[in-house]
Every structure is written in C-alpha cells, then in structure tokens.
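Contents: one structure, followed by commentary.
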Amino acid sequence: MVEEAIAEHYGEGEMRCPVHLSIGQEAAAVGVCDALALTDKIYSTHRCHAHYLAKGGDLNRMFAEICGKAAGCIGGRGGSMHLMDLEKGMMASIPIVASSIPIATGSALADKRMRSGKVTVAFIGDASIEEGVFHESANFAVLHRLPIVFVCENNLYSVYTPLRQRQPDRPLTNVALAHGMRAAHGDGNNLEETYRLMSDAVAHARCGNGPTFLLLDTYRWREHCGPNFDNRIGYRTEAEYLQWETRCPIRALHKKLGSGLAPQREKAMVEAITVEIESARAFARAAPLPEPAQASQFVYA
Amino acid sequence: MVEEAIAEHYGEGEMRCPVHLSIGQEAAAVGVCDALALTDKIYSTHRCHAHYLAKGGDLNRMFAEICGKAAGCIGGRGGSMHLMDLEKGMMASIPIVASSIPIATGSALADKRMRSGKVTVAFIGDASIEEGVFHESANFAVLHRLPIVFVCENNLYSVYTPLRQRQPDRPLTNVALAHGMRAAHGDGNNLEETYRLMSDAVAHARCGNGPTFLLLDTYRWREHCGPNFDNRIGYRTEAEYLQWETRCPIRALHKKLGSGLAPQREKAMVEAITVEIESARAFARAAPLPEPAQASQFVYA
Amino acid sequence: MTAQAVSQERIITLADAIREGLIESFARDDRTFMFAQGVDDPASMWGTIKGIAKRFGEDRIIEMPVAENGAVGIAVGAALNGQRPVIGFHRVEFALLALEQIVNNAAKSHYISNGQHKVPLVIRMVIGRGWGQGPEHSQSLEPIFSYFPGLKVVMPAFAADAKGMLISAIEDDNPVIFIEHRFLHYATGHVPEGYYKNPLDGPRVVREGKDVTIVATAHAVLEAIRAADVLRDIGCSVEVIDMRVLRPLNMATIQASVKKSGHLITVDTGFVMYGIGAEVVAAVVGQNFSALKAAPVRLGLPDHPTPSSRGLVVGVYPDSLRITREVGKMLGIGDDKMQLALASLEEQRKNLPIDAPDPFFKGPF
Amino acid sequence: MTAQAVSQERIITLADAIREGLIESFARDDRTFMFAQGVDDPASMWGTIKGIAKRFGEDRIIEMPVAENGAVGIAVGAALNGQRPVIGFHRVEFALLALEQIVNNAAKSHYISNGQHKVPLVIRMVIGRGWGQGPEHSQSLEPIFSYFPGLKVVMPAFAADAKGMLISAIEDDNPVIFIEHRFLHYATGHVPEGYYKNPLDGPRVVREGKDVTIVATAHAVLEAIRAADVLRDIGCSVEVIDMRVLRPLNMATIQASVKKSGHLITVDTGFVMYGIGAEVVAAVVGQNFSALKAAPVRLGLPDHPTPSSRGLVVGVYPDSLRITREVGKMLGIGDDKMQLALASLEEQRKNLPIDAPDPFFKGPF
C-alpha cells in the first residue's frame, strides 16, 4: 500500500529520484525480517523499500527521503535507493549491484569478532550473483563461518533482461554449494514458507554454523524503475505476469488468515495504514528541503 | 632444465626481474599444450615459463626478455612475468592474478564469432578462482558456449598460503559445476593423463560444446618467486615436499618411456638441450639493452 | 556536398547522434559489436542503442551479464583477437568495477607487447547528474581515466561531434573511453547524415573571443557558451574552448587562445580538486608563464560527493551564472553591466527545475 | 623526555617503523585487525607484518583470499560495525580491483548516511619501482585516490612519519589510503620508540631554503633533499616540502614557501600529466598569482607505462640530477657551479644499479 501510494503520486514530481518498487515481492521482505531480532542487521540494494519497512524503518523518514527533504532518513542525500535506519538494524542500501554483499559480509565478521550473537542479512537480486564480488564474499563467509544469510530474491529479471539471457540454466543454489555453503530454496511469495526457511538459516548462523544462501522465487509487478506497470513494452508476456499475479503474496496471506482475520478488523487495519501513509506523505510534503550548506557536511568524520 | 639454469644463474644479477619458476609443474604445461594445435591460443599468468616453452616459444627471446634485453620477446618491457610469442599462439602472460581469465574468454569469443575453429586455454592457478572475475568469465563462457578450456593448476599454494586457509574444503571442480560448466580432474604430474583429459576438453570445445574446467593436481618445487628451494622457511613440511618429489613428472615420464628411450639417445637429448640453454643464455648475455628512447614507443597504436 | 548542406538542416539529439554513429560503424565493419546491459530494455541507453539488435542481429549486440570487470576483460580479449567491441555503461560508477582491466589490459597491452597487440575498444560511460541520482549514480570521473597513458579519453559536448568522434573512436586502434554527460543526451544539434568522422585531435574553439579563454568539458561547454552569449551582449568577448579529447592532451589550441586573451577560466564537470582544470592551468603557466594577466580560475564541483536532493545541489554545479560572475570579476567588468548579464541569465532559468536538463541546452549551437 | 631523547638515537628502516606502528595500534585497541595476503609469508610485506600473528593471535591478522574487491568491501563492512581494519596490498595495482568499494562505500558511507556511519579503515598500498617489476607492478596511482572527497591519502617519506602517521591513520575515523613507496621500505631514519602520533595535517618543510620551493612526494622527497644538499654547497638555498598528505589537501605551507621563494618545482612519483603537481601548481597560481617569478616546473614520470628493463628506465624516474638541473635553469645558476653540483651527484651514484634502492637513501635524514 505504501508503494502503491508512491506509484500513484510519483507523477506529481515531488519524489525526484529513481524509485525501484518492491510490489509483488513483499512476502520475501516480511518473511525474512520477521525471523530476525531488532538488533540483527540487514543490507539492501536499489530495491530497498520493502526491506526498510519490514525491518521497522520509519515511514515518515522514508517518504521525506524520497522527496529529498531534510527530515529524510539521511537528510535527502541519497533518495529512494539509499534508505537506512540504524536503530532498526537497516544498515544501508547500496544501488551498485552486489556492492552491499561484501559490506554485509564484513558486518557479520565484525559481529563474529565481537561475539555479539547478531545475524546479518544481505538482500540480493538474482543479477548480483553474476558479479564477482558475490563469489569473493561467499568464499570468505564460508571460510570464516560467518553469521550471515544471503537472501536472494529471484524475480527472474535484471532490469528488463530475463535470467536465461544472463546465466546458464542450472539451479541458482549451485553457486552456494560451489563455495561449500548451505543452501535453501523456497517460494518467496509464501510468507510462512519464507519465514520457516529463514528461521532455520538464522538459527544456523546464530549457532556459529556459518552462512546460508536462501533462494526465494518471487516476481516484480511494476516496471524495474518507476511507478508504472510495463508488460505492454514486451520484455515479458502478459501471461507470465498474470500467472504470477495469481501467486500474489498478499492475497495468499489473506486466504490463509481466512477466518482468523475478522472483516471488521481488516477494514480497520487498512484504514489505519491508509491514514499512516497519508500522514507520512503529508509530513514529507510539508517538510523543508535541506539547506544548500548542508551539502558540504559529513565529508570527513 | 631451462629453469634450473635460470635458478642457477639468477644470483648473478643479470636477470633483474621477479621470476616465478614452474619446476615441478612441467607435465601440466606440456600435456595441455601437446593437445593443442599451433594456431590454438593460450593465456598465462606470472608463472608462465613452462607454458611459453610448451607452446613453442623461442628460448633465446625468453632469456633475453628475462635479462631485459632488446631481443627479448617483448623487447625487455615486461620481463619474466609477461612472456608471449604471438606466432606460437602464446598470446599473453599477465601477472595480476586472474586478470588474464576474461582476456582468454574474450579471445574465445572472438574465435567463435569468426568461426575460426580455434580453441583458447586460460592457464590459471588455484588462487585465481578466489577472484570474482573468474566467476564472471565462467558464467559468460558457459552462457555463450565458448571454445575455451580453463586449466587450473592446483599446486596447493598461493605464494606461501595453503589452499585450506583461502578456500573452504570442497572439490574445486564445484566452482565449474556451479556455472553449469563441464569439469574434469586429473593428476597434473602425469603427462599422459593430462594429455588425455585435455584432448577431450579440446574436442569438446572445438565441436562447439563449450568450455571445460580442467583441474590438475601438481606441486611447485622452488620458492614462489625466486630461484631457491624454500622448505626450510616452514610454510610447508619437508615431508609434503618429499612426497611430491616422488611424484616428479619428469621422472614419471622417464619411467614410462623406460625401454623406449635408449640411454644413448637420452644422453644425446640432454646434451642437445644443455647446449641450447647455454647458447640462449649466451645470446641473452651478449644481446644489447634496449635504447632508453624505446621506452616511449608503442603507447598508442 | 548537397547531402552535407542538407544535413546542416537536420537537428537531432546527441543520443540519436550516438545511435547513428553506432549504426554507421556497425554497417561498415562487421568486426564491430557491442556489449550492453539491457539490449531489449526499451529505454535503450537513452535511445542510443534502439533498434540495433533488430537491424544487425543479436550477435552484434550481446547482452552482458551484470559483471563489469569480466565484460571489459572479455572485450579486451576480443579486441586483441581482431574484433572491435564497444561497451556501454549506464553509469560511470559501474566502470569502477572494471578499472583493473581498463588500466592494465586495455591501456597497456599495446605497450607491453612491444607493439604486437592492439586494443581497438570503445568504452562508453555516462557521467553527470540529475533527477536525484545521488552520490553513487552521478559522479564525473574523467580525470581518473585521463591519468593513464595508452587510453584515449573523449568527451563530446555537441551532437555532431558525438557522432563523428564515436565513429573515429570505433575505428581507432586504441582503447577509447567515450564519456557521455547524462544531460547532453537530450541536447540537440545539427548532425550530418551518413558516415563521417571527426578526428580525436583535441580541444576546439567553439566561440571565438579575445578577452578571456574558457576551457570546458561536455555539459560545462554549454554553460560556458551561454555565459559567453550574455557577456557578448555587454561587450565582453569570450573565447570558449571545448576540450573534446582529454587524453592524449593537445594543448596547442588552448595555449594559443590564452596568449591572445591573457585570461583563463576552466570549467570541469567533475571536481575542481585534482581535476582536468588543474592540468590545463599547470600546462598553461608551465609553458606560457607570462601569457596570463590575472590569476586563472578553476570552476567545477566542490569537494564533496554529489547529493540527491534538489535542496542540496543548489550551487553545486557550476552554471552560466557562476561563469559569468567569474568573468566579470576577472576582467573587472562594472557592476551595472554585470547586473544586465546576470539578470538575463536568471530570467532564462526562472522557474526551471535544478535537477533536470535545461531546455536552453536543446540547442542547436 | 629521556625516552624521546634516547629514541633519537634509534635508527631503523621505514619498513620496521611501519611494523612498530601496527604493533602499537594493535596493542592499544583490540578492534584493530589486519587483512593480509601472506600472513605466514616470510617476506611479510617487506617485514612490516613480521611477527604480528604470533604476538597478537591469528584473529588479529586475517589471511585474505586473493579477492581484493571482496576484501575491501568486507573491511568496510567491519569498519561500519565498530571494527578498525587495516588492509595491505603488495602492489597498488591489486587495489584497482577494489576501486568501486573504495570510491563508493569507503569514501562515501559517512556522507551518504548523513554522518551516521563511520569508516575507520586503513588501506596500505605499495607503489613504486625497481627490480624489473614492469608495467603492471610498479605504478604510482596516488592521484587516482586523491580525487575522491571522503578519502584521506597519506604518503610518508620518512620512517618516523611512517610510524606516527600510520598510528594516526588507524585512529582516524575516516578511510585512509596509506601509500608506501617500495624503495622507501629500505630507507632508514630516527624513529621514536613506543606510541606516538604524527598528525595527518598536510605538507611539511623538511629543508628550509629561500631561493626555490620543491614540493615532492615520498621517494621524490629524498631525491629533492639530495639535490638540495649539493645545491647548498654551491650557494643555492632550496626549500623542500614533503607533501605527506595529498587529501585533504592543505596548501598553506606550500603557499607560504612559494611567496618567499618565488620559484616552484614539483616532483611526482607518478605521472606528470594529470598528476599531483598539476593541482599544486594550479592552486599556487590560482591563489598567489604574483608570487611566482618564473614558470613553475613539474617533474615526474613521462607519459608512458613503466617498463621492466634497466635499459628502458634510464631517465624515466626524476632523480636528484634532473631536479638539480631544473633548479639551475630556473634560477639561472652559472654553468661552472652547476658542473660542480652535478659532478658531485654523479660521483655519488657512480656504479650503482638503476633498478635497486640507492644506499644514499638509507638515511637517516
């Protein structure tokens, strides 16, 4: 709903930065983060909205950041692709594909050294395993049995290029096995399954048994970057899209909750969320832009 | 014998560049190159002497290059780590670990595009699969079914660091399988076995079936860089060394040839080779240094 | 001649000019091919690769996995073996992953092989700014590449140059870093039809003048021209030099201009510090010490990363206003005249967003 | 004070000084650890990491797989999370593989996080020359790193500075690129014992003089000092400034010196073109236009890669002879005097190989 609001209002020109929406991929973010403690850490990519919110990131500061306002989670310096909330363990989002992977690995190394018991998650896309640095990090993480879970959301595309044009046809989990890493594979649109697999991976990591590569199948509904639907442009078929629509993670959850969630209660929740979103939007709209002089701050610590 | 001559005379200070000797790893170089046509191409690393000679590189120009003379295979510009002989398909040696891998991959791509029927070999060490660019290249080579063989000489060490300190304990061939690549594994000190495995890989590549990762077990006898033996310094045990000495590729070959090679003929061969080496050394010693003005040539084509 | 004359009427965007350059090169030499991320992406690199796959076939424009270091190395390998690859990076930042391949294998294979190898390779990189790209998607890293002998570094400001220099770059036997400023893709200009080459021979005077020399790169050239135009109206004659080729650096045009004008302002798209302007200034004072009548001024980015918010980029990018002010200061132009010039610039920019290309730069110039 | 006085007597190599710096930092703060390739390598990075594993344990000096980009990223990640890593690269070329991590994550995490993240990281890199290393093992890439705000770039010339600045670098909350010239590892100097810090505050005068200012980096500082010594003998007073810190760049000392001497020579360990000297010259003429009485001269590497053969490197590296000659030309020193100075230098270098460290540079200075 948050991202639908972004999509709806992007055209107004208040959100002046590239946005990569997670609509369709919500269950992966939520299932993974639900299996974590607040003090656990996550690192994300250009497509970071769902991760930020699932880890408890502040909605007002998110909208403000996307609108380039001083009240943004990083004061408007980064925009949509750089969301973070240190207090919630949303450590960083990095828009260079795979660039966050060694950072997350180093985070796990630090926690191992400090014996903090914390677990780190590197959220990555299917394309990031094409980058060499993924393999460099995986090798290191296994070698040092680091407390980390590499959560790969395979949405079948990198921008508009399908997986089969970028990688040979073999299970993506092979890349983990090649590095001697534990691997698991599940339906990323199934919240419960994701949660279960992730809980196993977290337990494994927390006990000092090392990393897991958790491959989650999912699908991006909107365009790669921007607010619109884009099936008409031809890089994927309408049929493929519709097939994934039937696997909508939210509808699936809804169905499962079934009788558990009284219609009234649901309505109330939706209303509450809508209010929250509208108020965050209003907050961001009303918030002042940062002062130009702030641009030269924080170059050096 | 060539390299023993280098080792013997390195101390004289004529060979003023780092040298990484292949003593102990000869069979891998020879077995691989014997399975290639003259027009096939190889790319090597810092440890390139055996590859250069096995592919038919000129001995005079090799010694001259190591001595920094104008008659060197690249005019003294690179020294020991940059040997090449275009006419023999010894395309380049590159001393940055794994840096030659994508170059070799691109070479295979060019041959595929030109339908030349040529096969490319990337000689790599066990450490180079730690570099991300190996994986990037492997993915691409498989995706495009390139005519290339990645020959990995596993000598158990990177400089003085044993494999187990750098990589998890799992078959190195897994890294190929992870990328959907054909893999083979053999005794790199066994000339015949190497030749046989390599011939299969070359046939596979030449028929358009794509790349092979050929893992060859072998061992470096001398120090990583320089002319001496170095077991005393303690990074590896004398016992390990002695065990590998019993697997000397040359002695093994010798034994196999057994009756085939008459002692007289052998003696004659050794003498001929000795003469050749001495004459190459003399050639290099007598050859003039390049003129300083040549240093500024060939910056731009 | 008639074709040429007619073409002078033809106004297209710099992005389309690049596309035409690619098409001409692809048509003439089938050793030419391209590596791209997003061959089927409808955005098609600002339209620059639109329709190329359809026209020339899939093996002339190869989809590149997201693996930049590998891609450049593979392209270098193909180039060493008789192919003529072109690679495109949507953001210069992605090329940072490939710097080892660029610096060691692309730039030095000709040298190290004692002239036996050649690396006919073009690496397109998009630099620049706008629409909140933020600190990791809007850097201008031309000085990094310009540092390395063996590379050529080309940076067009005009559509016609972009096409003609791209064709030259593709036909060149050296690795050429071809830098495209993001905003310039939308700029328009007269572009001849068909095949033609503009030499990679160095800086060029794009506005003649005698009072001050402004040396600028890419988008900054357009800002300088705009400043020159308003300054001309108040009687100040500005010579604008478009750097075009940062390496190998041919200083002759700049030296001649400074000898005439005695005044020098450099305008970088990247950082001032350790930037292109530093080399230009140092080369001028080193070789023509007494030419300058006043301290040279270097403009460019201040010493911090380029933030996303439109609130934060106010004053970050050197624009025609700043250039105009610096010229005024350097030449001691009176306040009243300056007010005229600046007011006219302000009027032009009024109400325009700071983070999108300025329609003034549509050209043609 | 006594300790300090005693230590003035202690002469050790720069390599040992670095080792002591590491040991002091490791002992004071157990968040400090090092990533190295070859922890057990007896060469131990020119001796700089000798014995550290034994003394502090294996988890304080971690063997790094051969994966530089990953290693830097992992170190940045550890630094963001409260650790204080040091990485060592035996050749600056290996760091090229990690440029994306250095430029985007190390340099910008503090900025992008609006000050929330800090990256206390030291990246040691060895630049330089000698023993036929050749074009891919002997580059000097300090200008590349100096271009990026957010990085600090430190380049010691003296053993005492190497130790004191390394300790400062490790205690600094910013990513510090710590550049070590290969030859300098063998140079010796007075080095205090125990813990001390030398601030990362910028250039420093290492020979006072009034006729000409020479601004040099690392090994070139020693060449400049040597030139200054013979020039003093013929009555010419040379001020030598050791750059020490290339970023953030503090020009105050250099500006003051040039105002006094009116003459400027820069000596880079890297390329002249787009090098450190360009920024120094441009900053001097930009801020103190009338200070210079003659054209500034920039020395450094010529515009081609650094070849391996001792036959090819003749004249490639700027040495004390060349510096002396340039000073003579700039100040118009008479031929007879110059012959004296040059002859004395030639005598010193007679019969020394060109591709190994000069024993003159053993120091102490």
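Letters A, B, C and D mark the chains in the order given here, with residues in each chain numbered from 1 onward.
The working rule: a contact is a pair of C-beta atoms (placed from the backbone, for glycine too) under 8 Å apart; a residue touches a chain by one contact, two chains touch by 3 or more.
For clarity, every value in this text was computed on a predicted model and none was experimentally measured.
J.: What's the overlap between the neighbours of chain A and those of chain B?
T.: Under the touch definition, chain A and chain B have C, D as mutual neighbours.
J.: Average the CA atoms of each chain to get its centre, and name the chain whose centre is farthest from that of chain C.
T.: Centre of mass proxy via C-alpha means gives B as farthest from chain C.
J.: Rounded to a whole Å, what is the gap between the Cα centroids of chain A and chain D?
T.: Each chain's C-alpha centroid was found; their separation is 42 Å.
J.: Centroid from C-alpha atoms only, then distance chain C to chain D, rounded to Å. What do you get?
T.: Each chain's C-alpha centroid was found; their separation is 33 Å.
J.: Using the average of all C-alpha atoms in each chain as its centre, how far is it in Å between chain B and chain D?
T.: Whole-Å distance between the two chain centres: 36.
J.: Taking each residue of chain D in turn, which ones touch at least two of the other chains?
T.: 65, 67, 69-70, 93, 97, 100, 104, 111-112, 134-136, 149-150, 248, 303-305
J.: Send over the residues of chain B in touch with two or more other chains.
T.: Correct list: 75, 77-78, 82, 94, 96, 130-133, 136, 139, 143, 166-167, 299.
J.: Is the chain-to-chain touch network here best called a line, a ring, a star, complete, or other?
T.: complete
J.: Help me check something: in the complex, which residues belonging to chain A touch chain C?
T.: It is residues 16-18, 68-70, 72, 75-82, 94-98, 127-128, 130-133, 158-161, 165-167, 233-235, 288-292, 294-296, 299 of chain A that touch chain C.
J.: Sort out for me which residues of chain A touch chain D in the complex.
T.: Touch residues, chain A against chain D: 41, 74-75, 77-78, 82, 84, 86, 91-92, 94, 96, 99, 101-111, 113-114, 132-133, 136-137, 139-140, 143-144, 297-301.
J.: Which residues, counting only chain C, touch chain D once they are in their complex?
T.: By the definition above, chain C touches chain D via 69, 93, 96-97, 99-100, 103-104, 107-108, 111-112, 134-136, 139, 141, 143-144, 146-147, 149-150, 247-249, 270-271, 273-279, 281-283, 285-287, 289, 292, 294-298, 303-305, 307.
J.: Under the touch definition given earlier, write down the residues of chain D that touch chain B in their complex.
T.: These residues of chain D touch chain B: 37-42, 63, 65-70, 93-94, 97, 131-137, 302-305, 307-316, 353, 355.
J.: Taking the complex as given, what residues does chain D use to touch chain A?
T.: Residues in contact with chain A: 33, 59, 62, 65, 67, 69-83, 85, 100-101, 104-105, 109-119, 149-150, 152, 173-174, 248.
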